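Attaching a single structure in structure tokens format; questions to follow.
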Amino acid sequence: MKSVALKILGALVVLWAAATFTFFVQAALPGDRATLLLNQDSGQIKKRTAAELAPINEEFGFDKPLVQQYADYLGGLATGDLGISYQKKAPVTEIIGEQILPTVWLTLAALVAAWVIALLLTLFTTRRSRVVKTLGSGFETLSAALPHYWLGVILLVVFAIQLSIFPVEGGTSLYGLILPALTLAIPLAGFLGQVTRDEFENVLDEPFITSARARGMGDFEVRWRHALRHAVLPAITLSGWALGALFSGAVIAEIVFARQGIGQILVTAANARDVPVVAGIVMVVAFVYVIANLLVDLAYRIVDPRIQT
Amino acid sequence: MSAAPITPVGPATTRVDVSGALRGVRPGLALAFAIVGFFVVSALLPALLAPYDPFDVNLRDALQAPTLAHPLGTDQSGRDVLSRVIYGARESLYIGLAATALSLTIALVLGVAAGLSGKFTDGVINRFIEVLFAFPVLLLALLFVTVFGAGTTTLIVAVGVGTAPGYARMIRGQVLAVKNSGYVEAAGALGHSYPRIVRRHILPNAMRPLVVLLTLGVGQAIVWASGLAFLGLGVAPPSPEWGAQLDAGRTYITQAWWLEVMPGLAIVWFALALTAIGRWIQQRLEGGQR
Amino acid sequence: MRTPKTLLPLALLAAGLTLAACGGNDSASGGDPGAAFAGATPVKGGTISYGHEQEPPCLIGGWVQQAYIERQFADSLVSQVKEGEIVPWLATKWKVSDDQKTWTFTLKPGVKFTDGTPLNAAAVKTNFETWLNPKSLNPTVDAYIGEYYKSSKALNDTTFELTLTKPYAPLLSALSQGYFGILSPKQLAKGPQVNCEQPVGSGPFIVKKWNRGKNIEFVKNPNYNSAPANAKHQGPAYVDGITWKFLGDQTVRYGSLTSGESNVIYNVPTVNWKDAKQKFEVQQYITPGRPVTFSLNTVKGPFTDKLVRQAFGYAADRKAAVESAFNDVIPYNGNGALSQSTPDYDKGLADAYPYDPEKAAQLLDQAGWKENGDGVREKDGKKLTVNLVYPAGAVFSAEGATALQNIQEQLKQVGFDAKLTAATQSEVFSGKYSTPDSYDAITWYWTSPTAGVLYIVWRQNLKDRPNGNNSSFYNNPTLENTIEKANSTLDPAEQKALYAKAQKIIVDEAAAIGLYTQTTSLASEPKLRDVWIENSQGEPVFHDAFFAKEGGDS
């Protein structure tokens, strides 16, 4: 019980620090936010007069002391209020709420796909003939080095535009999810595959595997029932970490495939210096990250019963 | 699914297997060194390798498919893509090295401090690393670009800070492992002072994986930096930085695939080559330790 | 000249797949893809899937992206057709007093907003007051009429009176733009937040739902009875609605048209233009107003010297640079003051500052900028370095950036050390590049249906009357007076002469150097008929559009 409470406290501290960091980095931005708002609204570039800026400063509280702005921000966070978007004039919570589902689906689909690819590679190519082994590890190394944006553009042009196998607009359909998900999954699969392969090879040398074989267990069963279970442990830990990388990749995939989601909103907001939206997304991602890593902790315990607390 | 033929596996094969893998890697390794060498020369002395001036606009030759005269084709302004890839190596390499150097510096400070200090400080630093982890690289970079504007320095700082927590955690682990190892205890028993133990034993051993991280990190940093350029938030044209070329090439991809494929291949090959070299160094280091 | 390009190597690279034949929308002949459907009678039903480019932060406002959207759900008082002629819309007729300060508009009776409230003179008055209220300011409306607006009055239900502070001839042109769409006062009273997402007008379509980052769902207004006189039909739209999708990536946008996921797309990528002309119905609209130009900083740096500004104009083959970068799709605009499609545009200035490197060199010599060994000219120990700033991203497009790079190289030949600075959208909009010490030249444009835009752009920037839109910081009382006089002259010939004089001053002084025009282009599949582009801002109009039946089986 105590350790669970400590973990939650730790998570809160991480979130608070993330909020503080985000707030102060963005408060440091050069240029004038009120000017930006006015100019963006009108598609003009010009210097604004004090009289034009005053109502905007008042509305968004830019004229308040920084400490108070910070306090307001933290107070809002505690009540789930992420502020009002400068650009969209709507509550940030609402904007993120509208956009987060497609991103979550994309991220989860990519994670699952990456695991499936990585496991198949490990199961069927580790400790096989030299050719198979080289092919397997070669694929892993290559795919781990593929940049998301490049892979995404090429998948899009080849499979959607030229071959017309998949829809060009990602959309929200399951079919439209395939290419964006593969864009994220292939590099991650390569990475996970490398890790599980190393571990898998080590495990295959363990005495309990030898004894299983001695009991007459088939090769596939040995790999599936015994070796894999141990080999995936480090990769599970990495999956929590991979969430961050996946999220970064999702931003790019959403841009490449013109897909609805948090990535689109984020890039637009970053471009427009919409502080509440960027900060809000950062907070949501941090939250998801912290929760996900708690879950990974638990998953680890289930897979590896040796760890008991 | 039927069982595949059983490969004879015995405890004794481990060593043999490692050297076997190494032997298998060798031609690949030579290629990796060749690729890295090529790009390093490109970065230092681009004029030596590039057939044309990378900025030389020639509108009549715009968007030419690869030919003997232009092995990688020409871009929308008639500039030679090969020359631009070669000249782009400097900017990309510089960003990659600088970001990795920054990243490793932050990681070293955090990792060593956490590894060496008491439980409380370790906990605080660990939490800090955790906070950094909660910011995906790209998101952090977008935040920095928003605040400080796009440009090389922003890219370096963003990628450097964004990739630091992973390395910090590894270094901390390494320091802890060394600290708790038998020979450090032995040195303590021999009456060596703590600073001396740190200086002579812990740090050198903890630094060992840095070489590997450096090679792997540079490739990753280049990939991230070009990703930002791809979103239009990195280095701007006419710079031949690889990501900037990819961003510009995207516009023409259905008409001139080489603009997107060639700089992309440069990034992939370079990252692959660095990975191969990093792995090789890792294996050698581990082999040496045993 | 160009070799055929396929994506074969790409396909092989990715998966070793063979390349399937691409595209399937070819019509029988290469000539007119829509021939089979020409003259088809309108059919009701269907939803248009429209692939647009940029998404604005709100559905109403002062940005051209908002004018595009407002055209779908709101009506304006008047509409503009080619050559600047004004036709009735919500206002059936209008007259102006002899002193040209009082305009009286007679409104179409029986028009209702889609929330049921009547569109009467009081509603129009509320709109004017809302646009110009500092709390809910529409900055573009303000730029056009802020200085001229005095008051508005509802004389009776259908008579609206607008009083100006001084005569303003371009008023009707200004009112024809989407920014001036009349919205429901009942909805406006709910404040900017509600109206950002759920604005209510009297237009042919109703905003049903805005799925941010994805699309806007429009449904047809079944009671629509207020189409402008230049519409192809009166009454409700033929289609049931529009799905207005935001497809920022141009490869995706064009791909969604070729794959049939979109019926019509905005801004056809210039690289696909030729292909699109063969497979689809394409139309291009050249936006009037201020074209894309270099504004040269006339108060600080090397461009304070007129000779250097002129040399800058002669130094580069801007025409070739633009035509090559835009694949011969978007026209070069040598006149730095007005776009070639603006009423009162002076054709005589179309070839201002042709490519003439020798003349450029001579002018620079004359100005005291001398060659030295390294190719960059010098004067008093200072290098001829100029910082050219342009807004990166969708506002300027990749092709625009290419044109600038082409020009940059040629500037170097003459001895300019030209630096290109790609400013992010936020940097530009936050005013980082709005002061004389932040650039030597900046590229910008202002889409407008009238030469009256010159007043917005070139009015002097004075302490007590600042004009932030004067990005050349060029203060010339003669120029301002000329434009002001043109703006208040109703005699077309005299007005044209005055606008021509103003353009000549701007061009002769080389305060701005022309590059190319903004354009709106649409490509639609052949069976989608009668989509058109209106004339004030290039807003796409879907009210008359319908899906023709295939092969007469209706």
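Residue numbering begins at 1 within each chain, and the chains themselves are lettered A, B and C in the order written.
Keep this in mind: a residue touches a chain if its C-beta (ideal position, glycine included) is under 8 Å from a C-beta of that chain, and two chains touch if they have at least 3 such contacts.
All values derive from a computational prediction rather than experimental measurement.
J.: Across the interfaces A-B and B-C, which one involves more C-beta pairs in contact?
T.: Comparing A-B with B-C, the pair joined by more C-beta contacts is A-B.
J.: Based on the averaged CA atom positions, which chain is farthest from chain B?
T.: When every chain centre is compared against chain B, the largest gap points to C.
J.: Hey, how far is the Cα centre of chain A from the one of chain C, in Å?
T.: 38
J.: Approximately how many whole Å separate the CA-defined centres of chain A and chain B?
T.: Computed from C-alpha means, the inter-chain centre distance equals 20 Å.
J.: How many angstrom between the C-alpha centroids of chain C and chain B?
T.: 44
J.: For chain A, which residues are shared contacts with two or more other chains?
T.: In chain A, 30, 153-154, 157, 161, 255, 270-271, 273 touch at least two other chains.
J.: Two or more other chains in contact with one residue: find those residues in chain B.
T.: As it turns out, chain B has residues touching two or more other chains at 145-146, 149, 233, 250, 253-254, 257, 261.
J.: Mark out which residues of chain C touch at least two other chains, giving numbers and ranges.
T.: 7, 10, 13, 249, 251, 255, 393, 424, 426-427, 432
J.: Can you list the residues on chain C that touch chain B in the complex?
T.: For this pair, the touching residues of chain C are 2-3, 5, 7, 9-10, 13, 249-251, 254-255, 269, 271-272, 320-321, 324-325, 392-393, 398-399, 401-402, 405-406, 408-410, 420-422, 424, 426-427, 432.
J.: Under the touch definition given earlier, write down the residues of chain C that touch chain A in their complex.
T.: 7, 10-11, 13-15, 17, 19-20, 22, 55, 57-58, 61-65, 134-135, 137-140, 143, 192-193, 196-197, 211-214, 245-249, 251-253, 255-256, 258-259, 261, 393, 424-435, 442, 444, 446, 466-469, 471
J.: For a test of understanding, state which residues of chain B touch chain A in their complex under the given definition.
T.: Residues 1-7, 9-11, 13-14, 17, 24, 127-128, 130-131, 133-139, 142-149, 166, 219, 223, 226-227, 230-231, 233, 246, 250, 253-254, 257, 260-261, 264, 267-268, 271-272, 275-276 of chain B touch chain A in their complex.
J.: Taking the touch rule as given, give the residues of chain A at its contact with chain B in the complex, in rising order.
T.: 10, 13-15, 17-18, 21-22, 25-26, 28-30, 124, 127-128, 130, 134, 141-142, 144-150, 153-154, 157, 161, 201, 204-205, 207, 209-210, 213, 218-221, 241, 244-245, 247-249, 251-252, 255, 266-267, 270-271, 273, 278, 281-282, 285-286, 289-290
J.: So in the complex, the part of chain B that touches chain C is made up of which residues?
T.: These residues of chain B touch chain C: 55-57, 59, 62-65, 76-78, 145-146, 149-150, 232-233, 236-238, 247-248, 250-258, 261.
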